[in-house]
């Protein structure tokens, strides 16, 4: 009867999602003796503009930082 | 003060979602005496490529299986 | 295949939870044509010290307020 | 290690989401002594057709109501 | 950066939870290339009186049913 | 109308939870213009045996490790 929710920053391919569902279901069956037919799993692919970590959006964290040691003045 | 999250595999029409919200709110009011104004409900329509059940994606489970014993060539 | 999570402030009796599960399942079957066997519902009874609404904990909101200007005895 | 999920009815700008992530992370650091690097926050911008409050969809609640005091017959 | 929530009907031993966390983390690393240090997993052991499936509480479903066709009076 | 779920590893005092609710509500009001009366927040204090990070339970990560080679002085 387990229900699993997986939130990812960014997207995944269908093959990746399929493998993830198979792996997690197998673990619940082998480790806890759950009935595989009763395992439900939802994968949420969260836009990096909607996922924060360490106090900032991942979209910003992954962005190229302005280089402070640049010779020219930064345009912004 | 209840908060309800409903995850569906696939989509629903606006009328279906409206009826679901009305039904669930009414149940919380009648069964538990909750204030209807305080009931919040979110319906998530999950792509069948993102919903696993029984160890596989629902998108794969619902797909027509290749028929191994077919005499004729598959049309696709 | 729906999964429903219901968070309540405070507790509910087993009969109330049973009725809620029956009602919500019936709605998903009648409104959206879902298979009742596939409906999973989790009810979380949240301590009012862990549930905030309107900017404060419900445990504090429901508490009798000290009446600073009270001349007479409170009737309750 | 905190994980925070925020569900909003409607959308938010990137700047609003960025500010929200910064604020919530700071609160967890200052109030509970959490390590900011370990704070994860997901913001879900829920379509108002998928968010119910007070027994109806917000999309319907926000719709212009027929005005009962109108002199002319309402068109609907 | 993935966050995983696992809801189980009933309880699990610490060893089972430890194995589940290791398995799910490994799958996210191997299948999706995620950084294991960033994977957070919460396991909720839900009382069977709070978990509904197939329209009834699991606590009731698992209970011995009164046998209607029994010749003798049921002892309970 | 926002709903916020906060999962913490370990517990928090009532004062900490009260401050967290006030902070998060204020941020939603100031940053996004939400109505404070409509903000609902649930704080889940998760046992460290039920919270995994970096592939292991936090309960195990925080525990003093048995020193297998404890004859010599630890290098650190």
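Labels A, B, C, D, E and F are assigned to the chains in the order they are written; within every chain, residues are numbered from 1.
Definition applied: a residue touches a chain if its C-beta (ideal position, glycine included) is under 8 Å from a C-beta of that chain, and two chains touch if they have at least 3 such contacts.
As the structure is a prediction and not an experimental result, all values here were calculated from the model.
Chemist: Look at both sides of the chain E and chain F contact and report whether the same residue positions are involved, with over half shared, or different ones.
Modeler: different
Chemist: Just going by residue numbers, which of A-C, C-E or D-E has an interface where over half the contact pairs are the same as at C-F?
Modeler: C-E
Chemist: Please tell me whether D-E or A-D has the greater number of C-beta pairs in contact.
Modeler: A-D
Chemist: Using C-alpha centres only, name the chain that sits farthest from chain C.
Modeler: Using the mean of the C-alpha atoms as each chain's centre, the farthest one from chain C is A.
Chemist: Rounded to the nearest 5 degrees, how far is chain A rotated relative to chain B when their C-alpha atoms are superposed?
Modeler: Copies differ by a rotation of 120 degrees.
Chemist: Chain B to chain F: how many Å between their CA centres?
Modeler: 30
Chemist: Approximately how many whole Å separate the CA-defined centres of chain B and chain D?
Modeler: 22
Chemist: When the centre of a chain is set as the mean of its C-alpha atoms, what distance in Å lies between chain A and chain E?
Modeler: Here the centre of chain E sits 22 Å away from the centre of chain A.
Chemist: Which positions in chain C touch two or more other chains at once?
Modeler: 1, 3, 7, 20, 24, 26, 40, 42, 44, 51, 53, in rising order.
Chemist: Write out all the pairs of touching chains, ordered by chain label.
Modeler: A-B, A-C, A-D, A-E, B-C, B-D, B-F, C-E, C-F, D-E, D-F, E-F
Chemist: Taking the complex as given, what residues does chain B use to touch chain F?
Modeler: 1, 3, 40, 42
Chemist: Using the touch definition up top, name the residues of chain C that touch chain B in the complex.
Modeler: Against chain B, the touching part of chain C is residues 1-9, 12, 16, 19-20, 23-24, 26-28, 31-32, 34, 38, 51, 53, 58.
Chemist: Which residues, counting only chain E, touch chain F once they are in their complex?
Modeler: Against chain F, chain E makes touches at 14, 17-18, 20-22, 24-26, 36-37, 39-45.
Chemist: Enumerate the contact residues on chain D facing chain B in the complex.
Modeler: For this pair, the touching residues of chain D are 7, 44, 46, 49-57, 59-60.
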